[in-house]
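Chain IDs A, B, C and D follow the sequence of writing; residue 1 opens each chain.
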Amino acid sequence: MADVGFIGLGAMGAPMAWNLDDAGFDLLVYNRSDDREDPFESAGIETGASPRDVAERVDVVCLIVSNGAAVEAVLEQDDGLLAGLDEGTTVVQMSTIGYDETMAAAEMVSEAGGTFVDAPVSGTVGPAREGTLVGLASGEESAVEDVWPMLEAMCEPVVNCGETGQGTNMKLFINLLLGDAMGAFAEALVFGRKNGLDLDTMQTVVDNGALDCPLFAGKGELIADGDYEPRFPVDYQFKDLSLALDRAGDVGAPLSQTAAARESFSAARAQGHGSEDMTAVIKHLAETADVSLAEE
Amino acid sequence: MADVGFIGLGAMGAPMAWNLDDAGFDLLVYNRSDDREDPFESAGIETGASPRDVAERVDVVCLIVSNGAAVEAVLEQDDGLLAGLDEGTTVVQMSTIGYDETMAAAEMVSEAGGTFVDAPVSGTVGPAREGTLVGLASGEESAVEDVWPMLEAMCEPVVNCGETGQGTNMKLFINLLLGDAMGAFAEALVFGRKNGLDLDTMQTVVDNGALDCPLFAGKGELIADGDYEPRFPVDYQFKDLSLALDRAGDVGAPLSQTAAARESFSAARAQGHGSEDMTAVIKHLAETADVSLAEE
Amino acid sequence: MADVGFIGLGAMGAPMAWNLDDAGFDLLVYNRSDDREDPFESAGIETGASPRDVAERVDVVCLIVSNGAAVEAVLEQDDGLLAGLDEGTTVVQMSTIGYDETMAAAEMVSEAGGTFVDAPVSGTVGPAREGTLVGLASGEESAVEDVWPMLEAMCEPVVNCGETGQGTNMKLFINLLLGDAMGAFAEALVFGRKNGLDLDTMQTVVDNGALDCPLFAGKGELIADGDYEPRFPVDYQFKDLSLALDRAGDVGAPLSQTAAARESFSAARAQGHGSEDMTAVIKHLAETADVSLAEE
Amino acid sequence: MADVGFIGLGAMGAPMAWNLDDAGFDLLVYNRSDDREDPFESAGIETGASPRDVAERVDVVCLIVSNGAAVEAVLEQDDGLLAGLDEGTTVVQMSTIGYDETMAAAEMVSEAGGTFVDAPVSGTVGPAREGTLVGLASGEESAVEDVWPMLEAMCEPVVNCGETGQGTNMKLFINLLLGDAMGAFAEALVFGRKNGLDLDTMQTVVDNGALDCPLFAGKGELIADGDYEPRFPVDYQFKDLSLALDRAGDVGAPLSQTAAARESFSAARAQGHGSEDMTAVIKHLAETADVSLAEE
């Protein structure tokens, strides 16, 4: 019997699953579209027929799909996870979804007799490959402990965020900050360009100061290269800022800068840049300011 | 005859002047209030009687005071710099002031027969002491070259930003980004606290991700310690965001996140935190959200 | 047999139902808590045992409850509306709910064999009493025509907004504008007070200019009187701005002022003013600016 | 000897001067460019050679020019107002300028021995013609009383706002509210259009509700007609929001919605709509949302 089921072999999920495999876990994978399963099958890794099938064959199922509706579908569809759960099964939910969605998923799993671990991850495809995602684990202490070695196969560090839901809140926290920071960086660069500063010189100043960080260094280079291939697309960043603001509204945390950032990403989407990298938020800002990002 | 005049021995100016001294430049210092001159006098460094006196006795005068009005005063007052300028004198203006103020100062110096270098610095008291400020030099190529060794005594790196005014624009660029980033960090932390996350765990997540940078690491620790001693006070950050937005309005760069950030710092001032460190922007956000920053 | 069923006898629903009664419609009313039904029973108006009971006994059911979850409950609960629908039944949904919620309700009703009219109303308790609500009707042309006389008993004017969902969009449009306007009025008054202007004089200037309207005249007087009794509470305005921004995000309409307004109402809620009138948005703005609204 | 000098015969000034003439005041007019004086000269009204000439020949001088720099020029230029003032002269400053600019002008006039009345007006060209501007008078009680009849010839009502500077603050208050309201209206209309609502139906809903006012009725019609001829141009509204935010920052009134509104008008300017009517703020919002304002 396999050790771990893994559902969702997308851009993030696939390298995470390979890291589990590399760490010696015996995998059973599943993806809605078969072609994403092929490389695993070629490597001799078992595949499941459905989420239900996966749940019936292993004790721990990791799940990482694109949004809350997809999580709900995997759980509730005919042949879904819930249909295959038994008392010994733990579901490790790693997708970025809203707080209410997490709590609803936790309740479904619990009512079906299973155990729920809320464990989204922070980081993009690079860290997913290198196993350096930040794991944001939360749930019942013993359940979190049980899956800790699996999380450590995919993440470094793994951070215990508290009770169920706090992993999700932590994910919203960090993506809120990333979105705000990306939006602010874009505004600053447009300000500079409109004043005739060039991107390289601005980058030098950023890289030598208190904001020297991988985000600005990496995204600055991509902007200078005009490379908007999606690492983390505008649509996702918009979704996460929206989830964070929903949650902020529910708990009573007014966030005016974050609200402004969300509208900037909304503008990027409205202008057709939703599937480009989050850096593309700068395109509409530059157009509005009527300035070219390239040196003249 | 001394090599360099240095006017303004405040929290930034004093350590910068000492670094010039350490680098072997023969100094002539001046400060409006005498007590700030005393340590220099004790060390055998010459002091001037007035800005005019300084201008009359050296060929290069560095100037770093608190704002545009102070720069104007140093230049135009009776016994001011302009009164003592001759054709060979270069004024290196290092204060953070508005673009229009820089251009007006440049014109005054030029009309008085002198040469103007616009060279604000990025960094706070720590880098000022260590000589690791980022120097943002701009002006006529030959004038910038002439004072480069002096700038290198105080800054590392020194960055050539272009023609007169571009040093100021670069300073506004970087402080705009710092202000936005600080405001965003404060919003994110308040979001997390209101959701029951603790500061330490949030910091761990930030420090292990794409936003790992001296600003968030340093300011996060100060917030966790409840230490709001001014390194760079709210009042200054508010001033710089205001200068940047003025300039952005003039050149036509609409900046909605930055505008929101300015109002957050304005709220911090209105609530009496103007002279505390810029981190104090979090205080009013936390009060508004009715949450304590300390763990309960 | 009664002509019309009416579900939801709250602050808005009760006077609307009375207006239907006054216009000669034979009513069958229902409210979750019986006490709201008592005045109708005393007047000889029939009451239903459940939403299902109402649906079984009339051909047209009007529904106005507090939010989308309540609409869903009325429809889907055991003994809910859907359980009692037959092919001849029309459901006139008049609550303010989100666009997706409206479309989901329409689909449920349609699948149960009924006809759905989306007809929220604009206006508060006063207009509800006087029958001068603005009715925002939408749906299939023939269905809207059939219920038009009932809508006219409660509203003047009734406006045909188009296909199903457009009544809801129109309601979000007007409440977005009302929320933004209220927030802007509050900011302007706080600006004036902080500059030492008094409320009466500011009101005179507003009332004599291009913004002379019932909202500012009425709300200005209430603020001057310190009367924050809820006509339309902060919580509802916050909900409606949130629904509008959700919808705006979905369709791609970036709205930075509206986003800022939502956060102001969020601050009012976080400060404990959620159940006070929407005017209470000024309280936190005034506290932040550290100014009293009353003349000193 | 003429009763009143009038300097500045622009779009606002000219009809105001004619109203003074109609009311029986004996005028002496001056404009920087002669052609604006011609209609007055043709009507037998005296013209001055310079501001100084005007000041020397009358006891009261009204002044309405485009901004603070223009006011400063009229006062301080060679042959300026100050050069011609004597102890009996009152300067009625009616331009919209910043608070600091007003106080500086007041001090200059006072130092030159004259009396200063701060009396900007609210309203556009239509009310200027009809004499229904709202006059926002402030200054020493006796000085305000002395010029009251003149103000009443141009304005209805005239409002006494208090001591010198309060007229200016009131003007900033009302234009802040107008700018915010215009920006909010534009956002609401774009929200509606993006959802497929048509402008006429939205206007009907606005006109029948709590926001029924001349601004929305008038501007809505102009937008529906695609008429962006400047009544009050984007550039002026941007200037006034900037002046208000400057003042708000100085006194400590954080205004997040107003800050967002300013950036919207800034975007309109950056997109080349600065000299169009303030309604043109909607153009860039609609482009960003990728929606046409006209029905399809």
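FYI, a residue touches a chain if its C-beta (ideal position, glycine included) is under 8 Å from a C-beta of that chain, and two chains touch if they have at least 3 such contacts.
Computed from a prediction, not measured in an experiment: that's the story for all the values here.
Trainee: Measuring centre to centre, with centres taken as mean CA positions, what chain is farthest from subunit B?
Mentor: Result for max centroid distance from subunit B is chain C.
Trainee: Rotation angle for the CA superposition of subunit A on subunit D, to the nearest 5°?
Mentor: The rotation relating subunit A to subunit D comes to 180 degrees.
Trainee: Return the chain pair with more inter-chain C-beta contacts, choosing between B-D and B-C.
Mentor: Contact tally favours B-D.
Trainee: Quick one: subunit B and subunit C, Cα centre-to-centre, how many Å?
Mentor: Going by mean C-alpha positions, subunit B sits 51 Å from subunit C.
Trainee: So how far apart, in whole Å, are subunit B and subunit D when each is placed at the average of its C-alpha atoms?
Mentor: The answer is 37 Å.
Trainee: At which residue positions does subunit B touch at least two other chains?
Mentor: Residues 248, 252-256, 259-260, 263-264, 267, 270, 288-290.
Trainee: Would you tell me which residues of subunit B are touching subunit A in their complex?
Mentor: The touching residues are 99, 122-123, 134, 136, 157, 159-162, 166, 169-170, 172-174, 176-178, 180-181, 183-185, 187-188, 190-192, 194-197, 201-202, 204-206, 208-216, 218, 244, 247-248, 251-261, 263-264, 285, 288-291.
Trainee: Of all residues in subunit D, which touch subunit A in the complex?
Mentor: So the residues of subunit D touching subunit A come out as 256, 260, 267, 270-272, 284, 288-290.
Trainee: Hey, which residues of subunit B end up touching subunit D in the complex?
Mentor: Residues in contact with subunit D: 238, 242, 246, 248-249, 252-256, 259-260, 262-264, 266-267, 269-270.
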